[in-house]
Each structure stands twice: as C-alpha cells, then as structure tokens.
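Quick one: this structure, given as structure tokens, is what I'll be asking you about.
The first chain written gets the first letter, and so on, giving A, B, C and D; residue counts start at 1 in each chain.
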Amino acid sequence: MAATRTIGVAIDGATGRLGTTQHLRALLAIRDEGGLALANGDRLVPQPTLLGRDAEKVAALAAARGGLDWSTDRDACLADPAIEIYFDATPTGGRAKRGAAAFAAGKHVYVEKPVAETLDEAIAFARAGARAGRKGGVVQDKVFLPGLRKLNKLYEAGFFGRVTSVKLDFGWWVFDGELYPSQRVSWNYRKAAGGGLILDMFAHWRYVFDQVLGPIKSVSCRHMTAQPRRRDEAGRAFDVDVDDHAFAMLELEGGVLAQVSSSWATRVKRDDLLQIQVDGSAGSAVCGQHRCFIQPLVATPKPLFGPDFPANMPYHEQWQEVPDMEPQQNGYRAGWELFLRHVAEDAPFPGTLLEGAKAVQLAEACYRSDAERRWIDLPPLAL
Amino acid sequence: MAATRTIGVAIDGATGRLGTTQHLRALLAIRDEGGLALANGDRLVPQPTLLGRDAEKVAALAAARGGLDWSTDRDACLADPAIEIYFDATPTGGRAKRGAAAFAAGKHVYVEKPVAETLDEAIAFARAGARAGRKGGVVQDKVFLPGLRKLNKLYEAGFFGRVTSVKLDFGWWVFDGELYPSQRVSWNYRKAAGGGLILDMFAHWRYVFDQVLGPIKSVSCRHMTAQPRRRDEAGRAFDVDVDDHAFAMLELEGGVLAQVSSSWATRVKRDDLLQIQVDGSAGSAVCGQHRCFIQPLVATPKPLFGPDFPANMPYHEQWQEVPDMEPQQNGYRAGWELFLRHVAEDAPFPGTLLEGAKAVQLAEACYRSDAERRWIDLPPLAL
Amino acid sequence: MAATRTIGVAIDGATGRLGTTQHLRALLAIRDEGGLALANGDRLVPQPTLLGRDAEKVAALAAARGGLDWSTDRDACLADPAIEIYFDATPTGGRAKRGAAAFAAGKHVYVEKPVAETLDEAIAFARAGARAGRKGGVVQDKVFLPGLRKLNKLYEAGFFGRVTSVKLDFGWWVFDGELYPSQRVSWNYRKAAGGGLILDMFAHWRYVFDQVLGPIKSVSCRHMTAQPRRRDEAGRAFDVDVDDHAFAMLELEGGVLAQVSSSWATRVKRDDLLQIQVDGSAGSAVCGQHRCFIQPLVATPKPLFGPDFPANMPYHEQWQEVPDMEPQQNGYRAGWELFLRHVAEDAPFPGTLLEGAKAVQLAEACYRSDAERRWIDLPPLAL
Amino acid sequence: MAATRTIGVAIDGATGRLGTTQHLRALLAIRDEGGLALANGDRLVPQPTLLGRDAEKVAALAAARGGLDWSTDRDACLADPAIEIYFDATPTGGRAKRGAAAFAAGKHVYVEKPVAETLDEAIAFARAGARAGRKGGVVQDKVFLPGLRKLNKLYEAGFFGRVTSVKLDFGWWVFDGELYPSQRVSWNYRKAAGGGLILDMFAHWRYVFDQVLGPIKSVSCRHMTAQPRRRDEAGRAFDVDVDDHAFAMLELEGGVLAQVSSSWATRVKRDDLLQIQVDGSAGSAVCGQHRCFIQPLVATPKPLFGPDFPANMPYHEQWQEVPDMEPQQNGYRAGWELFLRHVAEDAPFPGTLLEGAKAVQLAEACYRSDAERRWIDLPPLAL
C-alpha cells in the first residue's frame, strides 16, 4: 500500500527574493498537495527548515508560513539527521564551499546557479558530491518557460530546416539607486559576493543553449560596467567592480553562430525582457519567456529596402503565434520535483553539478575572452 | 549676374538598380530644377552621359529619359573633355582601377561604396586622386536617412547622458532563387565580382559609426554563408563563395561597446529593416531608417522579471516618437549636391576617398578577425 | 532588327460581359503597349474585329473603343485572310461547331470554356484543329488568380507534408429576377443555350484541380435546381431546366479526397466567393481568389470541443497570411499572351482543346453520376 | 403531499471523460438540487453507483464526489434491486450486449451513442428492451446546443422559405501523438473497440438531421484514414484501422441536398468547430454550437465575381446574429431529465433505442456507400 514519508530540506538564504518567492513557495505547494507522488505510488512530503543570518527575518518568515522550523546555525542544520537535503539560495560567493560541507555531512545538495565562482571550485564541488555518494543538482528554471518549451517543440518538429543563426537579447534597466532604488540586490554588483552579470546570467544561457539552441563550442565576449557607481539597499554609494553589461558571440555545434546581448543597463523596445530569435532555411521563430511567434519560408515577405521606402510593412504582424499547448509549469517547482525524485527514486536529473560547472566554464571563458581579446573554446568537461 | 553652366557626368553602370533609380534620377532632378544654386548664385547643371556594357539597354534608358547621351565605350568617355565627373555604380570588382584611370584622364571621380576590394587598392585609389589634383568622393547615403538625422540630433542635444552601448541590427530574408527569385543581384554573392555582405554593408556602418555613433577603434567579427547555394538571374544554380551573414562587436572611442548583426538571411520582427539602439545613462533611443523613438531615464519603467510574469508591460508603447522636424532628403541626391559643390566651389565634402578607404579597412578587419578569431584594431589612416 | 507585325483577331460575342470587360480589354491593352514582345524581339500587335448579332450594339462598342472593325457576319469574318484568330465568347451552345468551322477556314481558334456541351463534341472539335494544323485553345483564367498562385507555391515548397483532403466552396446568391434583377445572363439557366452550373463551373474546377490541387480520378456528384423559376433580362418568367447548385466529392490521384460545393443559390459567410482549403500532415491552407492563409502543424491549436465550450478560440485569427510576392496578373490577359505566343512562335500552351475536352468530360461525369447515383471514373483522354 | 424517492443509477464507464465530466456531474447536480420535480409534484432523486474496471480509479472518483457507491462488478450491480437504471458510457464495443443483459436483469437502460456497432445488433438491443418491458434510451445531446435550438426556431418560424440545401462542417486537428499527445482516446482509432469517426459522429448527425434539418433518405459517403499511424496514451505507436475523416452527401426528405464534412484531421478557419449552413429561398443561416447568424433574402448582398474584384465585401459582417432567447441547457443533463421522467412517469422520450438504431443504420450505410461507390437508401426501421 502507498506510503507517505517526509524529507527534511534546509533552505539556506530562505529570506532572499528567490528563496522566499520561488523555492519556499514551491516546496510548500508540494507539501500542501499531500506530497509528490513517486513512481511506486508513495508520496514524498518536503519539510522545509529555513536558514538565514538575520534571526528576526528568518523567524518572521517561518511564522508567516504557519510556523516552520528555522535556524541561523548552518552547522547545526547539517548535523540534523532529519534534514536530508541542503539547498543554497544565498549569494554566490562561497557556495561551492558550503555545498561541499553539506556533502561532507552526508546531505544531498541542491543549489541556485552559478554553482561556484570559478571552474576549479565548481569541479571540486561536483567531485565532493561524487565522493560522498550523494546527489547534487543546480537550478535550471529557464527551460521550463513556456516560450522556451515552444521553441523546443519547433526544433523537435524540424520547423527551422537548417538552423543558421540565433540571437538572444536579455535585459532591462536596473536603476542605480540615485533616482529610484535599484531593483537588484547590491551583492550582484560586488565581486567579493560573487556578483557580476556574466556569472549570473550566462549560467542560464549555458543550459538554455546546451539543451535547446545547440551546445556551445566557443565564445567571444566583451563586457563593461555601464553603471560604475550605485547605491546599495541602505542608500550608501559604492563602486561597482563587476560587469553589468555583456555582448557575446557564440559558435554552436554544427557551425551555427549565435549573438547574445545581456544587460542590466539597457532599455527594452521588444516583445519581452528575454527574446530569442532562431533563423533557419525553412523558417524563423522569435520567442519570449511565454509567447513564441513563427514565420515559415512560405510566408516570408519580400520587403523593399531603400531610402524612399520607410518601414512599409507591418513587420511585427507578419508572424503567427504558436498556441499554448501545455499547461504552464513554474520552473522552480518543476526543478524541485525533478530533484526530489532524483533523491528519492534515483530518477534522471538534467541539472547535475557537472552541468552547473559547465555554466561556470562559460562565464570564465567570457571573462578570459574579454581579457585576451580573442575566441575561447569550451573543451568537454568530466569529473 | 548669375551664370548657368553645365557639367558633364558619366554614369558608369547607369542601367543598374542604384544607377537608374537613385543616381540618374537625382541628377535629372537637379537638372530639371534648373541646376544647383552655388554659393555665388551661379547655377550648375549636371549633364549625364549613360555608360554601360549592353548597348540596347543603355540606349533604351537614354531614350526613355528624353534622349540622353550614352555610350558603351568607357575610354571614349574619359577622353571626352565635356565630361568632368566620372561616377561608378557598376559592381564593386575593379572599381579602384576604373577610378584611378578616370583620375589619370583628369576627371573628378565619385563612386558607389565600397571604393575598393582591399585597403591597399583603396589607399592607392585615393592617392591617385591626390596626385592628379582632382576631387574624389564616395557615396554615403545612409547618414541622410531621417532616422539617422534624428539620432544625430539626440547626440547633439546630449540626450543620452553618457552613452554606454549601441546595437545595430540590419537585414531581411533574401530568397535563394528556388521558391522565389532573389531580391538581390547575383554578383552580391560572388567573390570575383566584389560581392559579400561585409564588404557591402560594413562600408555603410563605418561612416554611420564614425559620423553618428562614434568612431570605431576595434572589431571582432564572425561571418558565415547562411545560404550556400543560390540561383542567379537566369535561374542557374551557383555556389556562394562569400558571406551573407555577419555578427560583430565593436569598440568605439570612449569605451562604448557596440553589437552589430547584418544578414541577408534573417526574418524581421522589429520596427524596421535597419534598427539602431543607443543606451545611455540619461536615456535610450531606438531608430529605424525613418522613425526614431526615445525613452529618457525619467520615463524608464521598472518591469518585473520572473517566470510568473509574462511580458507584463507594453514595452513597445513605453517609448515616445521623435517628431519629423526637417523635410526628408534623398541621401543619393544630397550626396550629389555635396559632391557637385565640392567640385565646383571647393565646398567641404565628408565622403572623401580616404573615408571610403576606412570603410574598406573595416571590412578587411572583419574578415581578418574571423580568420584569426580575435579582435583587430583599426589604426588611423592617412594618405 | 526587331519587326512589328499585326495579327487579326475576331472576337465573337464581343458585346457580352466577358467579351467586353475582359477579352477585348486585354487585347487593346496589349495593342496599346506596342504589342507583345516575342522571344526573337519582334512585337506582335493584335488587331481586334468585333463580331456580334446585334449590329447596333456591336457598332456602338467598336466606336466607343476608338473605331474598331466590326461585323455581324461570322462567315465573312472567317473568309477574311487578315483575321488569323477566331475567338468565341458567345453562349456555350454551338461553340464546338463554330470553332470547327473556323478551323476549316484556316483560323487558329481560342474559346471561352466550356469548349462544348458534350465530350463527343469536344473531342471532335479538338480533332478538327489537329486535322487543320491550326492552334486551338481554351481560356483557363482561374490559375492566374493570386490566391491560386500562392496555393501553388505552397505545394511547390512541400508545405503541406502529405496532403489528405481538399475542400472547394464556390458561389453566391444569384437573384431570380423577382425582388432584384438576376446578376447572371438568362442563358446560363437554359439547357438549349448550353447553360447549367456544372457545365459552366466544373470546366474551371477541372484545370484548377489538374494543375494545382491534383488530377481528378473519379467523381460523385449531386445537383439540383434551387431556383426553378426565374425572370430573364426582359422580365419574362421562365422555367429553369438546368442545375444551379451542385455538391460533389472527388477522388484525386494519390488517394486524396476532395469535396466541392458550387452554387448560384447560396449565401456567403466565408472570406471569399471562392474558397479552397487544403489539409495536410504538416499544415493547412485556406485560400480565396486573392488572399491565402496558412496554419502549419507547429502552430495548430488544440481547441476544446464540448457543450460547455463555445467557440473559445479566435479560429479565424489562428492563421498567417501568405504575403503578396508577385505582381498580380489578369488571368484573361495572361491567357491571351500565352495563346498569341503559341500561335506566333509555337510556345507551349497549357489550355489545349484536349484539356478543354477534359473539363467537359468532368461535367458529363457529374451529370451521369447524379443520374446513376454512383461514382464515375474519368478515364484518360487522347485525340 | 409531494413525496421524494430515490432511483439507483449505475454509471458504467464513470471514470471516462464523458462519464465523469458530463453524466455524473449532471446526475449529482439533479440530486443536489433536491431531485427532479415530476409532473405530480413528487421529486425523483438519482443515486449514482460508479462502475468501472480500475478499482483504484473508481474508488478515487467515488471518494472525490463525497463518497458514492462504486463497484467493479457489473453483474453484481445488475443484480442489485436498488439500481433501476443501467447507463453505459464505456467504449462502444460490446455496448448492445451489455445493454441487453441489463434489460434481462430488469433494468431500464440508457446509453451513450452509438447504441451498437451494427444495425442488427442495434435492432436486437432495442427489441430486448421491448421484450423486457423496460425503457431504453440513447444520449442525444447535440440538439440542446444553443446554436441548434436557434436553428430549430428558424425552421419553426418559416424563416428559410423553401430550404434548398444544407452544409454541415465538423472537425478539428487531433494530434497523432508525435509532436503533441492526442486529444482523443486511442480506442476511437481502433476498430476492435468500436472506434471510427463515422460510427462516432454520424450517430449525432442522424438525430440532428432527423429532428432539425430534415430526415435523411439516402447517403453517398467517402471516408479515409488521414493519420494512419498514431501513439496511444502510453506513447506506443499503433496503426489506425478505422476512418478519421469523411465526406458525405445526403438526400433529405423533400429533395433537399446536404453536404457533410467530418474530420479529426482538418484545421479550422470558420466560426466554430461545428458549423451548419442552411440555404433557403427566403434566407440562410450559419450556426455554430452556440451562435447563429442569419441573412434574409431582403438583406442578401450582390457581390461581384471576377479576377479584378478581390473579396470586396466584408462577407462575415453581412449576417445578423440571432440573440440568446433561452437559458442555455447542458445537453447531457437535459437528456437525463427526459430519461428520468420517461422512466418515472412515462413521459415521451425522443431518443429511443429505435432512434439509436437509425444512427447505426446511417453509419452502416456510409461504410457500405464507400465500399460500393454508390448512394445507399435508408429504409424506414421498425421493431
């Protein structure tokens, strides 16, 4: 007969934005639905313990969620046998060390991206998991975006014919704290805390390309600090010592070229904050986070170009929307379901720590490409 | 008292698309308005002679325009003292040699871009003009586009504050001749004729950047042949041996980064075939060939990013259009007026052959960057 | 050197609707543009002679078109050596006999469809042309409709994948002359004059299917007289003794099924008076006379069906329009150009009299299918 | 004084889509409103017992509906005297036998359509009911659709004048399970389970025609398997051995012709998934499941047809909508109310098993017409 068992999950950084609004919410939703149904019919109920530095904030959040366990003592959590999974959503700096410590304490470890600040650390972290015989994983929420799912279907259906090029544009304007408060936490802009746009966002682009758009072989990247002086949460001015804007070119397997722009200092006149265009011999697609539009070869228009012809076609209207075919999944919850099954019944899990290391590899290659002003290849990684 | 004098202009390649629909049209318009009023009140009336290889086509065009002079003999034209200006709008291949020969014959020389296929040829061409003591010039039509003029005004007014980055997207889908005839002449796709997208289009981007967006210091470029097999005007299949798609990153003076995409193999879901975005600390602009939209810092929105927030703002509507303030100029005619004044009264002329050589320098650097997989600097040029 | 020669064309039935508004107009347009340019550079100028029964009307039309030749004596026209082409746009009854007489007089013969009222007559007519060594042809104007051209491109591009079924809906409400005058000539409703909707319209469907949608192998048809009592041009009531409404099913080569509705007694709530839907494994198209819309598999929606779900999707908006890629041709003029070249330089001509006979074969099979209440096969035809 | 009594209803196939979302819901709604008010003022409360093969699923559904009786033992249910009505919503295969067994056990029998897979079985089933002296009935939900009700009113009001023709279009694209999961259960595509579009949908068309559009006298039908290979619920590929697409022509009493298209492999560019057009001398109607539009003779437009006239009228806008005049009924619930009254107080019931047999007769005639390539008459049926 079907059994129900609980599994303790420590959420480090529970009071952060992602920790609260995404991960804790996802776990509580699974819990409140009676747990996750496993393949054998059993139900697995996650039991969160909130972990943080500011006792007052952690306690308040725990209370507001109906009285959850909470702590400010990471070591104590790791020593608690009821906690089987350690999850880290704190700032990036030190993540690999925290994760390795959790492995050493016998925990399974699930972390926000990037898994580390350097490739060496990332590999060491992944190896620590392998040595400990515990499961490790990194959040890969973007592949669950409806727009990305639709794009994936187009690839699957062979819609593009031969894909020739890809463009990914991401970003919006993050205020510097002068006129309006910044919409991002200040540690994103500090090197010591593991900040930097490339480290943050190219961690996403790595799995988005590898899983949907085509594996990345090489990168040429250039970054800058568009807003070098900011004010933090307390209104204190500080100098930004990391990148907040990057342009890159990628070479994908099969010879496809990709162009990427990612910026916290750009203004948006396109359909979505994240927009991906794929051009192919048989058709093109332009997708945002949720919507996706296609233009097949047979409906491709023949615009006139010349000084006497202003935009003489409604270019935005010459695309057909791909309808919603599947119920939308929250990517964070979907990731938790996958990781819980990975832990509980050894189900396959795409976001292994090796994949997380690949994301760090890409970021590192971007920084090196900028420094050396040349293309950097991404060699295969293994543990 | 004001005098009227005529000036003979040989239009080589008059029956080509640009030759007929732009340059000949521009000269006839100036002629039909009684000539160009010079600074001293005199009027200068251009008298075109059509030059081409296909006698029947040239004769037909000459007849259709009310009986113009025409010829298929370039040498005879160059020997004709009534012809003071030699203009070349034939395919790029051999342009520098044709121009140098015209200089040698004592003509002033005005040419379509690019001025040559290699930087060495371009410099030699420019020097030939200097030696001959004749005026030389290259067409730079894009700066007269209303959208570029508006963008220029925004720079002039200091609208952007500190400019941080620029994006230029250009292109549309050029059919390969299978399903529909190609919209571009086949020589654009043949190396021997001086084809290639970079050679063609980056000739524009050089002066657009140098004059409007900021002088280019360095380039990293990657190109490809997205459509390797095409059919020509006669329906014959041929292999494309040049690039039809390029991604590039540019470093501008002052540390501004720019990203460029130029393609004859992309489909368009944006406002215009050519679109330039400039981001700055005080505001951003997105301009097409004719229209230009701005978003100042004080009207910059604060969009939410997250899987639960689909494109929840009308991003396209959060921009304000820059109104039309000047009558629209046709860039080709404006270029002719500038060059005619340059010849007749030594008025300043922005599109010197040295500037034309810079465009070739950029194209050459792009090709070299692709080959050597690194950034290429653009050193200053001089005669 | 290029020569210009005239070719006399007798237009029988010039004062009829099609004769005046389409055929005479087309010939005069060709004439007024200096004739048709042949492959060798010569120009062929058609010289129309108007032929009709009502001298007053014919003379008036000839005068209104700048003083054309005209006659009411068909035999005299056929005896005139300056007339090389006899064209028949009079009512269908007797057409094959008139055409055969023209062949006998040494003329080339071009006719409106249907070429005859019975298959035997049609074959005899085609054979008369072969015996006389003269060119024969039938008008096939519908394939030049922009909508049909676009549909053809979709087939050419393989858009449909495996085509499974076709639907053709044609018709509108033709008033019976009581409340409003009829919009069709009364002979369309009289058997003795060669009337009948099937004989008239299935003559089109035969070549539309054979050339675009797939060759017809078999037909099952049912017709009726929806409006059995009408008033003619003079307001006189008469009994309709032919069909004005038909439903049919067709089997095409390759096993594709088609459904056809054609009616002069139906009201229209669709995009166009003529609408064709093609369904295939990879996509569908819905085309009218001019516009064409597609829905590829990857953008096919998943509507809900059930009593609680009213039309809950904007079904009309889930299609993408195929853009206009070619200049529109008038099908009647295009037919004349093809036939003139066929006569003057033996250029290929799709609408031979054998093809015209196939159209009559289809109509005859429709009538027989109705009478015998079974499917009728269409065996191959030859002269 | 008014009495309340319960009546036991066994729902066979309760966990199927129709069983759960329509029939069980309808019965519970009647129950929860205190039962059905009979003519004498008594209230009849249906008490459902859920019957199915998968104990876990049946039990879960019973629990989720507040603890209903349930069983996996059909014989036991039939032996239970508290159960007076046996209702069958399982797959079609074997329905007539199940129903006959229920009659033999003394139950009243109500079934989903079609009542059987062959006419002989259907007649035998109906006779079994007559012999047993029990009431039998078949679901006829479509006549309660608001669109059909409005259409019925138009007939009743004599709106059409003399009806001349009818067109019924039904269908949408059912995915084959490759790119997206199929929206229909796989047994619909298996002959052994009673699948096939004609058997499924023409069961509806029979009573829709007989009750609303005119009794069917004869049919000519052609079917095909548009998607011959599919994946089932478990993702297993299988070969389809029944029809999923049919074209038909019908002859109705009074000489009216009808054309029917029904397909699970078509894409929809019309107002609704089910659309019926009725043309008559005094007006026409185009109705979907819910909405209905009319165009009377006096508002019929006079469109121009010709190559120079693209769709030059807004054909969709030239119709007037029939307003909603009655509250919408759910057809499944309405059917239950009728059948319960039929059982409880011998009220008249349109969907007798003889009518159900007529639907099977039509399907059988369709298949035979396809095989014999001719029209098949539908003789009157009697028990």
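Everything that follows uses one rule, which is that a residue touches a chain if its C-beta (ideal position, glycine included) is under 8 Å from a C-beta of that chain, and two chains touch if they have at least 3 such contacts.
This is a predicted model, so every value here is computed, not measured.
Colleague: Shared touching chains for subunit B and subunit D?
Modeller: A, C
Colleague: Just the number, please: Cα centre separation of subunit B and subunit C in whole Å.
Modeller: 49
Colleague: Could you put a whole-Å number on the gap between the CA centroids of subunit C and subunit D?
Modeller: Computed from C-alpha means, the inter-chain centre distance equals 42 Å.
Colleague: Nearest whole angstrom, what separates the Cα centre of subunit A from the Cα centre of subunit C?
Modeller: Centre-to-centre distance between subunit A and subunit C: 61 Å.
Colleague: Give me the residues of subunit C that touch two or more other chains.
Modeller: In subunit C, the residues touching two or more other chains are 153, 157, 295, 297-298, 300-302, 318-319, 325.
Colleague: Please list, in label order, each pair of chains that touches.
Modeller: A-B, A-C, A-D, B-C, C-D
Colleague: Tell me, which parts of subunit B touch subunit C in their complex?
Modeller: Going through subunit B, the ones touching subunit C are 179-180.
Colleague: Quick check: in the complex, which residue numbers of subunit C touch subunit D?
Modeller: For this pair, the touching residues of subunit C are 21-22, 141, 144-145, 164-165, 167, 172-173, 175, 179-180, 183, 218, 220, 222, 224, 226-227, 245, 247, 249, 251, 255, 257-259, 261, 263, 265-274, 277, 279, 281, 283-284, 286, 288-291, 293, 295, 297-298, 300-303, 305-308, 310-311, 315-316, 318-319, 330-332, 373-375.
Colleague: Would you tell me which residues of subunit A are touching subunit C in their complex?
Modeller: It is residues 153-154, 157, 159, 294-302, 313, 318-323, 325 of subunit A that touch subunit C.
Colleague: Taking the touch rule as given, give the residues of subunit A at its contact with subunit D in the complex, in rising order.
Modeller: Answer in residue numbers: 153, 156-157, 325.
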